[in-house]
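Each of the next two complexes has chain A plus one more chain, namely chain B in the first and chain C in the second.
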Partner chain A sequence: MKDGASKYILKKRLELVVIYIFLGIVALTCILPLLWMFGSSLKTQGTVFSDPSLIPAHPEWRNYYLAWTKGEFGIYFLNSIFYTAVVVFGIIIVSSLAAYGFSRLKFPGSNFLFHMFLAAMMVPLPGSFVPLYVLVNNIRKVLLNFLTAISPQLAHIFPQGFVQQSNTFILNQVFPRGAYVFCMINVGLSLSIYILKTFFDKMPKELEDAARIDGCNKLGIWRHVAIPLAKPAIAVITIFNSLNVWNEYILAQLILSSKETMPLQRGLIVFQGMHVTDYPLLMAGMTMTAIPIIIIYLIFQKYIIKGITAGALVG
Partner chain B sequence: MRGKNERMQAGMNMKKSFLKCFKSNFYFLFSIFVISTFLTAGCGGNSEISKPAVTISVWHWMTDRDNAFNELAKRYEEKTGIKVKFELYAPSDSYTQKVRAAAQAGTLPDIFGILAEKRDFASFVIAGHVANLSPDMEKDAGLWKNDFFSRAIAVNEFLPDNEFRVTPGIYGVPLDVMNIQMLYNKDLLKQAGIKKPPKTLEEFLAMGEKLKALGIQGLVSGWGEVWMIDCFASNYAFNIMGEEKVMRTIKGEVPYTDADWIKVFGLFKELNDSGLLANGIVTMVNKTAEQLFANSKAAFAFNGSWCVNVYAGMNPNLSYGAMFPPNYGEFPMKIWGGAGSSLLVNDRSLVKKEAIDFLRWLSSAEQQAYLSEVTKNLPANKNCLTKISPILSDFSQAMEATTHPNIWPVHEFPQVIEAFDKSIQSIIIGEKTPQRVAEEVQKIKERELQKRAR
Partner chain C sequence: MKAKSILINYLFVLPAVLIFGIFYIYPFLKVFQLSLMEWDGILPTMQFVGISNFKEIMTDKIWWDSMWHAGYITLIALTFQNGLALLLALACDREIKYGNIFRVIFFIPPILSEVVVGLIWQWILDGNYGILNNAFNAMGMHSLVRNWLSDPKTALTCIAVVHSWKGFGWGFIILLAGLQTIPKQLYEAAKVDGADSWQVFTKITIPLMIPVFSMVIILTILGSMQVFVLIISMVGQGLVHHTDVPVLRILASMTGSSRFGYACAQGIIFGLVLIIISFTQKKLSERIKQA
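On to the complex of A and B.
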């Protein structure tokens, strides 16, 4: 009996050792690139490939200052924070309303529409570049015509210079930013609707009935019952989309034309020449850009498992 | 006290009624305003809100040249009053996406570049997106055109009866050029008692022993990226048998088992036997080769002119020079090279003339020398060689002896190129003899020719 128990304990311990070794290796493959990035950010262009140490003996902390100033990170940081916050907020609002609608409002073609949204996930972003660009450009032309037409009227009320400056501001700052935000919301909707609909489908209807008895209409139930219960799923959506928007650059480059409106990734390309890459500054810039997203991940990480196993926890 | 409260209450009521009145009227007035402006919107022209002075918009992908471009734009504005706005979109893949999307939307800037093969270049020209610069280039007995290396112009030119059916002409302004040569470390050669770089292969092979005795590696290159082997072998093929015979081989009229080709293959064996090739050169990527040469771990390198920029970053104190690969045959050696970056003028640009004038100014000797000095690229303008650094000048002087498979009249089968390059690797590691390699390559060539004949 004793022999059997000790054999069992030994077997369990061995299993644990194998699991921990496996997990350790996986963790190492995730952490090592980050450590290499950080270590390289403290080296010089001459030592980045010749010095094999992970953290150099004489760290070049100045690289961070140089990367910040040369890459003009200040304005790009603000832009990225703005885009990430607005896009993620927009995705949460639109996708939660749509998902709740798909889950609770049965109307003809609701399933078809939902599957259309799912199909949109399969369309790769580069495939929609040209139509998006043409669409944004045509909307800009309409806006330009509109502003040209209203300018004389506005000039009667406001000073001419103010009207011109406002129009330029709208065309060069507000419109491209708005267009980019709407495009990015569109990009993130499919997956977010899918996650939230799955969540709402498993939400007990009794909770909604209770809210209805208390006088809530459909929007009230969405606001006071569905959204608070969907916190884990919303956290997952927040992380996924924050990461997506923070690292996005291709669409930004397509839609935004002025340097002042570009996101953080624009700062990084300065260090990547056609033939020469300034690795220490690039790595310093990448370390700085990774920090906010790591913080967001750390804040929301406890919700990830909850969000993925959402159905089992609702109610 | 009571009176004060009543006054306060009355004040608040007044404020409420005013706000209510303002709100209802505001919405009404605003609706009328919006409707009227929408109705009149259709009458608006397509012009921008405020008409600025002439501004030329340039889209480019050259991250390392952005600051230099902006500085030149500032100088041009000071000189002419014309503002030039350089907009950087990188990396090159996303730049290409942007240019394609803009071409479809009809919103290309005044000046832009195309990072694609000549076929795509031709499609942009046919679609009317690119201005034909021939009239300007050819004016005054080709004054502008003659500023450039002929190879730089060739990339931007469509000849009569071209396969793409493009109206013959020059459609781009080259900004820089590049070529691939050999480099030598002056300090290491001095250390080995070698006074001047080798002119012939015999001299070069003799240096192998001297360098080996001192423990200095001979030649490094990115031969792990096989196209560089192809490039090196091609140089010697032209040198040993001449251009005509090389082309006849590609056409299938001369076999790879010909004595001259065996001599080309045998060259790699000789280099290896003399100890000149660095350890692991067969699998070496160019980045490693650059690192070794920059850190004075090897006496020779085979690399492109972009290396000047790379070495400056890795080791600014490196003392080195550029040289033609040592001569081995009777025919002139041809090295790989051609145009680097070029800019095109939008044929539909409202400021087309100003854009062409700006490019003419940008490609003139003074501006080219400045660009070359700051970005360490070879200038496309051959008249500024005296104004640039000696190493860049060394590289530039070889420009007229350059060639490239892209401009050859015939092209080798990819399967043959792959077998050719890999076989040379197996010669270097001692796995195969030059004779055997020649037979194997010829076998693949015949197989591909038969396939084509079917």
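On to the complex of A and C.
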């Protein structure tokens, strides 16, 4: 009897050891490529092919400075921060307004409109970037015509050079950035509205009633009652959308053609496509792209995983 | 007063509806209009050609090949990626030390961008300098050394494996979440009744997990069929046909050969294929559930 029990324990132990080895190996395959990317970013163009060590003995930290300046990853990095911040802020405002409307306010067609957003999450639309590109180009043409039409008038008021400069600035900077921001807000809208609406639906109505008696109008209730209460849901959509925008590639390729407006993902492909690729600098750029995401993930992993499961459950 | 109140209510959803209308509904409808046109994307005039774009797609061998390539990547994702995800989820669905650390690590590849993942693995699999070939050489297995990403025999498999590497952590999280909803009393009751682990797995775990499996399968299919940024970063955009997938063909029709109408027609066909696949899968899993 005692023999059987110890045999059972031994079998359980062995099972655990096998499980740990299995988990450990898979975990290593997740981490090693990243460590190797980081290590390569600290080598030189000469040693990057020959030095097999994971982290070199003499790390070239200067690569990060060079990647930031010469490799233009500094511009890309700041652009990525800009797009992520603006798009996520936009999504929070637009989707929380809409979700509050769908959840609490009555108007004809509200059910239909909400289901339209839901349907957008479920109908696959591959190649939707084609008409989106056409749309952005058309708006750009209209804008160009408008600017050329009003330039002569503006030239009476402002110096000629200033008008021209501001026109190029609008066409090459403001417009592509704005177009990209709106496209990306649209990408994150449906899921965010869905998450926030489910949250608002479960929220107790009493607080809103109290605020109404205190003289708050609908917008005031949204701002001072709904938004503060929805903080956990807003955290989920903030992190989820941040990852999405930071990692987006194809719309950036189609809409943002100049280097001054490109985000990191696009910048990496451009840098890699150059004739002589400076691998350590490329790896430094990749590390710069990955590190913020990994840090944010490590801090907020609970929210991220919640967002992923929520996103999957809708689909 | 009433009308004004309804008007104010509309204002809450107006920004969302406007953005959605301009950047989702309009392009959605525009695809159908453009698919009937021959248009280079630049000239103000487009030529109406009826369904000739669709007819052309039917005999476009490169297009259908690209569809098979995506199907192959999807097949590997369904088996290798989801199989690994399920094994890991089963391993973590118990009292183990450091379980949370493993969970955190497995989810790192899914949060990285396809560009970064693609470039890392391109560098690992590189024919001349790649760490994989170096490792094979160091171990004396010279016969295994090859140009992984330019050899048509291995390129697609490498892409599929990297895609699975990036995706298994995602499947793992969802499957684990599903496993944890199964009440532990069920397992205990089965143990008391004398069931072994295999019986518990096939008679309790699998039947209860069918809805989760079904969801993971659909999302894997939709995600894997539409993979393309990973391929751009691993082998470049449209340089070779043996790693082409439908979305890359659409992109090539648009930016490469400037045929916007054809690109839209391809998008519609591909969208239909995806809808048919997920519909069939849904029906199948419903039938399995009833059986």
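One rule holds in what follows: the second predicted complex is superposed on the first by the 207 of 315 C-alpha atoms of A that agree within 3 Å, B and C clash if a C-alpha of one lies under 4 Å from a C-alpha of the other, contacts with A are read in each partner's own complex, and residues count from 1 in each chain.
In this text, contacts are C-beta pairs under 8 Å (C-beta built on N, C-alpha and C of every residue); 3 or more make two chains touch, one makes a residue touch a chain.
Please read all numbers here as calculations on a predicted model, not as lab measurements.
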If we overlay the two complexes on their shared chain A, which of chain B and chain C does A:286 touch? Say first, second, both or neither. second
The answer to whether chain B or chain C touches more of chain A is C
For A:250, is the partner it touches chain B (first), chain C (second), both, or none of the two (neither)? both
First (chain B), second (chain C), both or neither touched by A:126: both
Touch check for A:22: first (chain B), second (chain C), both, or neither? second
One more residue to check, A:147. First (chain B), second (chain C), both or neither? first
Classify the contacts of A:134 with the two partner chains as first (chain B alone), second (chain C alone), both, or neither. both
Which partner chains sit in contact with A:30 here, chain B, chain C, both or neither? Use first/second/both/neither. second
Is A:270 in contact with chain B, with chain C, with both, or with neither (first, second, both, neither)? first
Name the contact category of A:49: first (chain B only), second (chain C only), both, or neither. both
In the superposed view, which residues of chain A touch chain B and also chain C? 49, 126, 129-130, 133-134, 137, 249-250, 254, 269, 272-273
Across the complex, what residues on chain A touch chain C? 16, 19-20, 22-23, 26-27, 29-31, 33-34, 36-37, 40, 48-49, 52, 93-95, 97-98, 100-102, 105-108, 110, 113, 116-117, 120, 123-135, 137, 182-183, 185-186, 189-190, 193, 218, 222, 243, 246-247, 249-250, 254, 265, 268-269, 272-273, 279, 282-283, 286, 289-290, 293-294, 297-298, 301, 304-305, 308-309, 312-313, 315
Can you name the residues of chain A that touch chain B in the complex? 45-46, 49-50, 126, 129-130, 133-134, 137-138, 141-142, 144-151, 153, 164, 167-168, 171, 249-250, 253-254, 257, 259, 269-270, 272-276, 278
Which bits of chain B are touching chain A when the two form their complex? 33, 36-38, 40-50, 62-64, 66, 87-92, 94-95, 97-98, 100-102, 104-105, 107, 287, 291, 295, 306, 309-310, 313-315
Touching residues (chain side chain C, partner chain A) in the complex: 6, 8-10, 12-13, 15-17, 19-20, 22-24, 26-28, 30-31, 34, 41, 84, 87-88, 91-92, 96, 101-102, 104-116, 119-121, 123-124, 129, 131, 134, 138, 165, 169-170, 173-174, 177, 215-216, 218-219, 222, 226, 228-229, 232-233, 236, 246-247, 250-251, 254-255, 260, 263-264, 266-267, 270-271, 274-275, 278
